[in-house]
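First the structure, then my questions, so here it is.
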């Protein structure tokens, strides 16, 4: 049974900061957001977690393996190197969406995202070492079948992008509604979903739904492990097996 | 009348690279993609252009002001600092989507995105200096009304994210279909669209459509200038005017 | 008694790479070198170590706490994100210079720094967990007395720089000769030395030597701990005590 | 005749910032300093200039081609992305050291480097476009003969480093005293000097002096052009000619 530790990362008071005293140059905001995300990806990734860029001012991470001290050090590192600070809410639950709900509550209870007095919050209980198992994190790595052949090499890039977006939007809503899973576009034609235990048949249903709803053809590799890093790498390898054997759903075990 | 110069940026042979000889660590791929985007944002932004991350392996830029030499230098800078190289296709047209179509054709004519022999393509004719005017680039900066109050401080972050995504997906399809415009989510609750000339009434219709279709309330500031940098900053200021005066659509002129 | 684990980091085949097929743009090489150093600083720093930029193509790190697996992961992360790869040699000894000698031997035995066939070497035995103590790493943080008042606010910046350089060069040679210590300029007017056990009187002698030889006045804070991170922070606090109490040498214990 | 535009870059109030409220983690300071330098290298380099890291809190740049507006935009970009701000002093003179003296005076007149009220100064007159020539910037690129064979593959890395440092220190003092030139270590075994007009014989004397004083053998390529970028690339090519033909001094013309 999964036991996902989710951390919600929120940049403190970001909206007001971007327009004070005057609106700041967009290219600098994009650079700041992307590099902060890249650094968090490394800081969390070096401790076996995964971070998804989500909305950039709010990011969602799978942090099984990171305790309170690790979260605190990451906050400190951001404070030392960026003109903004970040708040963290942590939740743990079999259901990723419920875990995220707990994480969100912690931040909302502390104050608004645009309350200049609310900074560097760190709340929530990480999963204790003694309670961790090899089944805690389950990640599903989806990609679009033959995206390059069907889209990238044929359509105007924006129309390819619209197709990928439609596929992602359908999948994200379906997985949230049917399984309480959280799905994230990670570039190219790839989506990684943070899931509870889901059967092969249920994954096949999800792909079928997306094919029928928007005409986008997906395949998926699934990995389950103690950490996001291991579950994610297992999912990538399972996806390669789909590619080699022409199957639609593959598990790492 | 607008005359948008669009550059399509494509990482050469990226799909195969990410899984050769074995699938590479996801956190490193995320870091690589984000930092490459951040660097391109600076390289293009320092020449008055804008870059949108789009799918990360394919990025769309508004490059009025960058000639062939500038594109070539940017390519060289990427080659010197990254383990991948990039190809550029350039198009120019009143309609942003048509300009992107030209840019895409240039790359597709040169070969597949996954053809290892196709690298560092640079094709297309930038807008000559003598043909440039103060009306060339029109950018519309949309944001969601009271996103923090309605969503961020109330809902589970993923459900806030789903709302913002739905709003973006509706807007992107509508603007593409109705106006040949290209819309990009840029973080938070913000979308920037690259547009041809559109009237205030037509912008109001776009916001109305999104409100009726998915219940997301938008406001928009519009700027037109010689470069993306100037048009974008004008759009930001127009958006601030919406905020101050409670209006839904504001132009910089 | 100290037991310093030193890792020598060497960029593989860098000299030839910088001029093949043609000399590469200096600003890009500077950007590449600095960012690689910054990333290694984070990767090693997140595991309680320190990295010194040294010559940029060769960097020296204090890596107590990093085992072979951690070194391997850092190598992999660099390979995934940079156009170059790195080799690591690891040595452990009471004397930092001897530890570095062992580390260097490991790399030299494997082949020349410019041998294109020698890449991603990883040799040497990290200090086993069971053998680690709270005395393993001793760091001394030197800075120049009133550098801002005496130099920065008075002289032409290059002449200030020459003074700081002379102070550093004298200190580095003295500490190497007298104590087998490795000293590194870390910016501003600061030097951090990796030392064996040295008495307060010996530190005072070192400062006296530099004052007599080149007229540069130093003070120093010393910290000893299980890791570079902890020893370094203790040294910083000791240096603050020098500042507050007007002393020249302070220890953390 | 040269006409060097030198900009002194100083991080505002950095010393106090690094220890307030408590001393900050060294690895984060190193990361911040290196990345700020890398970004300035790109921002200035994209406008044909060069930046040298010097002391990191004080950096020296050759900025022929950058006007006041360009300096201002770079300051703004740093403010938008870093937790610190920078001040600029600009000087122009045939002699690089005199130009730097003017630049330094501008900052010193405005207030101390550690005066928290002195931020984002921008003073000094850039070289007007009409006064620029193809002879304005002269750069000499030195490197150590067979550093890899003699040192890197033979000695303990720190002892190699000491040799390179000694060679650099001797060269920097000699070039400053004899020619008012500013010399900077740029990694590996390379030094780039910003010079006034110097003859081949005088460069040979400089190398001879360093050989006699500290036993380090140098060769040098010299380039002169309108900008640092062009002069520097010409110097690199001249250095390659030294390598191919076994000479000690080569000019690009």
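Order as written gives the chain letters A, B, C and D; numbering starts at 1 within each chain.
In this text, a residue touches a chain if its C-beta (ideal position, glycine included) is under 8 Å from a C-beta of that chain, and two chains touch if they have at least 3 such contacts.
Every value quoted in this text rests on a predicted model; they were computed, and no experiment measured them.
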Q. Any idea whether B-C or C-D has more C-beta pairs in contact?
A. C-D
Q. So if I superpose subunit B on subunit D by CA, what angle comes out, to the nearest 5°?
A. 180
Q. For subunit C, which other chain has the most distant CA centre?
A. B
Q.
Distance between subunit B and subunit D based on Cα centroids, please, to the nearest Å.
A. 37
Q. So, what's the distance in Å between the C-alpha centres of subunit C and subunit B?
A. 43
Q) Where the CA atoms of subunit C average out and where those of subunit D average out, how many Å apart are those spots? A) 22
Q: Could you check subunit D for residues that touch two or more other chains and list them?
A: 25, 28-29, 31, 35, 42, 46, 77
Q: Please categorise the chain-chain contact pattern as a line, ring, star, complete graph or other.
A: complete
Q. Across the complex, what residues on subunit B touch subunit D?
A. 39, 42-43, 46-47, 73, 77
(Q) Per the contact definition, I'd like the list of subunit C residues that touch subunit D in the complex. (A) 8, 14-15, 19, 23, 25-31, 33-35, 37-38, 41-42, 44-46, 50-51, 53-58, 60, 97, 100-101, 103-104, 108, 112-114, 148, 152-162, 164-166, 169, 172-173, 176, 182, 186-189, 192, 229, 232-233, 236-237, 240
Q: Name, in rising order, each residue of subunit A that touches subunit D in their complex.
A: 24-25, 28-29, 31-32, 35, 76-77, 79-83
